[in-house]
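As written, the chains take the letters A, B and C, and residue 1 is the first residue of each chain.
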């Protein structure tokens, strides 16, 4: 008593081309980017990120003032000359904001890439190979996950501050530290996916045809994880930017440069909030919030693209479809009353 | 032919696709179950058999909508449509009581945080709010004893039961209220051979003991169907293309699709083993844009010109019904088995 | 997996994490080139007119006191044994105050702020997320977008906005601090009444963000559950919506409990910065001041305490999970 599907078995064995397109409820195929259905949420997120990137990269190139230039006094109000006034050092707030946004984005990108690479590597190795290596890697991952990342970041940053190695003192060092502390989430998510992919048939085929493990991982496992890796990367960038700003806010950021956290650090240290100098603290607060929201929104919209189960139809389309359906139902009901059903 | 238990007529159900279109998965299907019989519903995956089952069990949920159809069962006539927001409430009282569902993949059919006994109580209370807890447990206990099952399973969670035991337990729960019709949707597909046998024996015993008055058994496992069913209905691309007594279909298929489907699995004789039985070339059509005329014509060995343009009407020879132009031209003749020498 | 096995394995994991955390906590500040005593001595000598001879003497005294002349492993043993005896060392910047005394002043404020904020945020967030998933439509969209916005907002950004709008612009709440000038912490109604007016803004900013995060998680869990087989089957049995909603929430709750364990670390980290924005005299402010004055014993003590607290909280949540998930709890009766 076999459970084979009589219709398909032989055709597949013969390798015949299907004459007609596959049914609507097709099997889980490799996701193809062209068939993805990006929603409005995705484009809003992209818009936010693009606007902020434009501010960071074009803005700071075009703006006349330098972020290190003293152009006024302590917390000068916004004026035609300085649209967002000056900060506690008398620097132009907009100039500082644009430089800070640029630095924060670049740092987020570096740290995000690093964290995603480490996470994917560990996750894929653990998930694909299984056995003692998986136990070991995941044990390590879980231990690192249990310790609050911010604590490790604080401790390492303190050590970095007084290091003699020059390049570790700046943003590169910070990106490195954030990158090597932020990977465990990604590793866990990737491992779960990789171990489910590892049991699929095409992996056996690749093994039988003599492919070596690295090549299997690269060509037969990784493509199936692509959507997870993309989503993980987006989250990693956002959380790296936030981690940097948290550290800088605590006074652990690199000195003599700008970042959104450093800007907030000085605003708080010089009582900008209590003195009502909104131009000094609101811009970095808003930009940080938008960056964080934009990336998270992007991730959640990608999640809906890749996992249609989370997707819920648009109201307008739903209403239209419902109206059409009701019309069809009415017609069918009328047919039934006029013509007798053939027995 | 025995008295008719239930008749579902003109059932049409559509899936709302992402792009706003509706894809008809079941297209104007009428199906009957005689009193005390098991009717098999078979076809390739994606042919609409499970969708039809959901429509009849009244559990169609967006994106699936039933846009036409009536279920007549023992003098009651139930509107199967699920377009209005009240449909769910309207259908609820029939579910589990008049028509009950034995689901596909019963592995996850019971909430993992629920004890079996709690589900039993919830099911009975859903239809009679004043049902006493102890009465509910007593009923379930009696039912389990009657079917030679251990009563301690009532105190278990689903994850503590083996696959076969879970499926049998789900069967007992589905039939607690003595439903008139049980719709069994691929109940055996995830089970090993001995569990399959146990479940089928249990179902047969339940029909024997008149716990339910009729069963629709949905599966693509034709050997199982030919063993347990009295009648068979074969679906293709959202339509029933042939239906009749099981032995008639097996030995005297009138539709080329039925013949090909059965031939690929049912004939274990020496003769066919040495020869290459042809499967059905191609794959089921896209329901969003089905072929004109007979939906099977692009894959049919006997396709004629008329097949590509006009939909065949349903013909009957006794209680054996089929919709095929070839069959119309070849009355009372089985579809010839095509056998090519490998 | 039986409950006992589950708890033992969890306990072992957390013990492992604790060991790693303590080692990191001990080791990382000591990787600093030179040694922390340099900093404290140079701090001391600033302003005061101290000869280099005196400076060397003070230096030697501190090296002796902090045990920095011992080999690393011995320092570690000393560190662990004294930490176990509740001795977290002496503050550099407010020498000779004991670290435990300073922590003792800060800890109650942090606990009073964080424990209610985490619990209330978790409960409200789950209810809101569950309702959004169940109702769908416009309710779902607006709740989901708001929650996502709140949860994506860095803690300190919301804190800064709330502080500015409600304290500075509208003047409804005091601008920072935990109690009025001239008051000192004591068990009296007067003090309590004064302190509560300082409490609400930092509390609200923590709760709002926690609600957002939990609601987003609960919504997707509940949507996932809505599509599961048991919902379909329960419908097929005629079980009503109210009952089914209870099944769904019961199951969606379980991953949310684990989610709480995983997010406690982030919540605590975020809350520390919130204290900073509001100038709230808890552990966050203590840490901030210690960082700006290079007070390593305090930094180490705060990071150690936070790590231990987070690990203990995580472990507690895991125990609760083990107790409420029948797949773990009931397995011991076994089939």
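By definition in this document, a contact is a pair of C-beta atoms (placed from the backbone, for glycine too) under 8 Å apart; a residue touches a chain by one contact, two chains touch by 3 or more.
It should be emphasised that the depicted structure is a prediction, and the values quoted were computed from it without experimental measurement.
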Common touching chains of chain B and chain A:
C
Out of B-C and A-C, which chain pair has the most contact pairs?
A-C
With centres defined as the mean of C-alpha atoms, identify the chain lying farthest from chain B.
C
So, comparing each chain's Cα centre against the centre of all protein Cα atoms, which one is closest?
A
Chain centre separation (chain A, chain B; CA means) in Å:
44
Please tell me the distance, in whole Å, between the geometric centres of chain B and chain C computed from their C-alpha atoms.
55
I'd like the Å distance between the centres of chain A and chain C, where a centre is the mean of that chain's Cα atoms.
24
Enumerate the residues of chain C that touch no fewer than two other chains.
none
So in the complex, which bits of chain A are touching chain C?
139, 142-152, 154-156, 158-159, 162-164, 238, 242, 245-246, 249-252, 264, 268, 273-274, 276, 278, 281-282, 285-286, 288-289, 292-293, 295-297, 300, 309-310, 312, 315
Spell out the residues on chain A that touch chain B in their complex, using ranges where they run on.
1-11, 14, 16, 18-25, 37, 308, 311, 313, 317-318, 320-322, 324-326, 328-329, 332-333, 336, 341-343
Using the touch definition from the top, list the residues of chain B that touch chain C in their complex.
57-59, 61, 88, 92-97, 100-101, 103, 105-115, 122-123, 126-127, 156-157, 159-162, 170, 173-174
Counting only contacts in the complex, chain C reaches chain B at residues 228-230, 232-241, 243, 247, 250-251, 254, 325-327, 330-331, 333-335
In the complex, go through chain B and note every residue touching chain A.
9-10, 12, 14-18, 20-23, 28, 30, 44-46, 63, 65, 67-68, 81, 83, 189, 193, 196, 220-224, 261, 264-265, 277-288, 291, 298-299, 313-314, 316
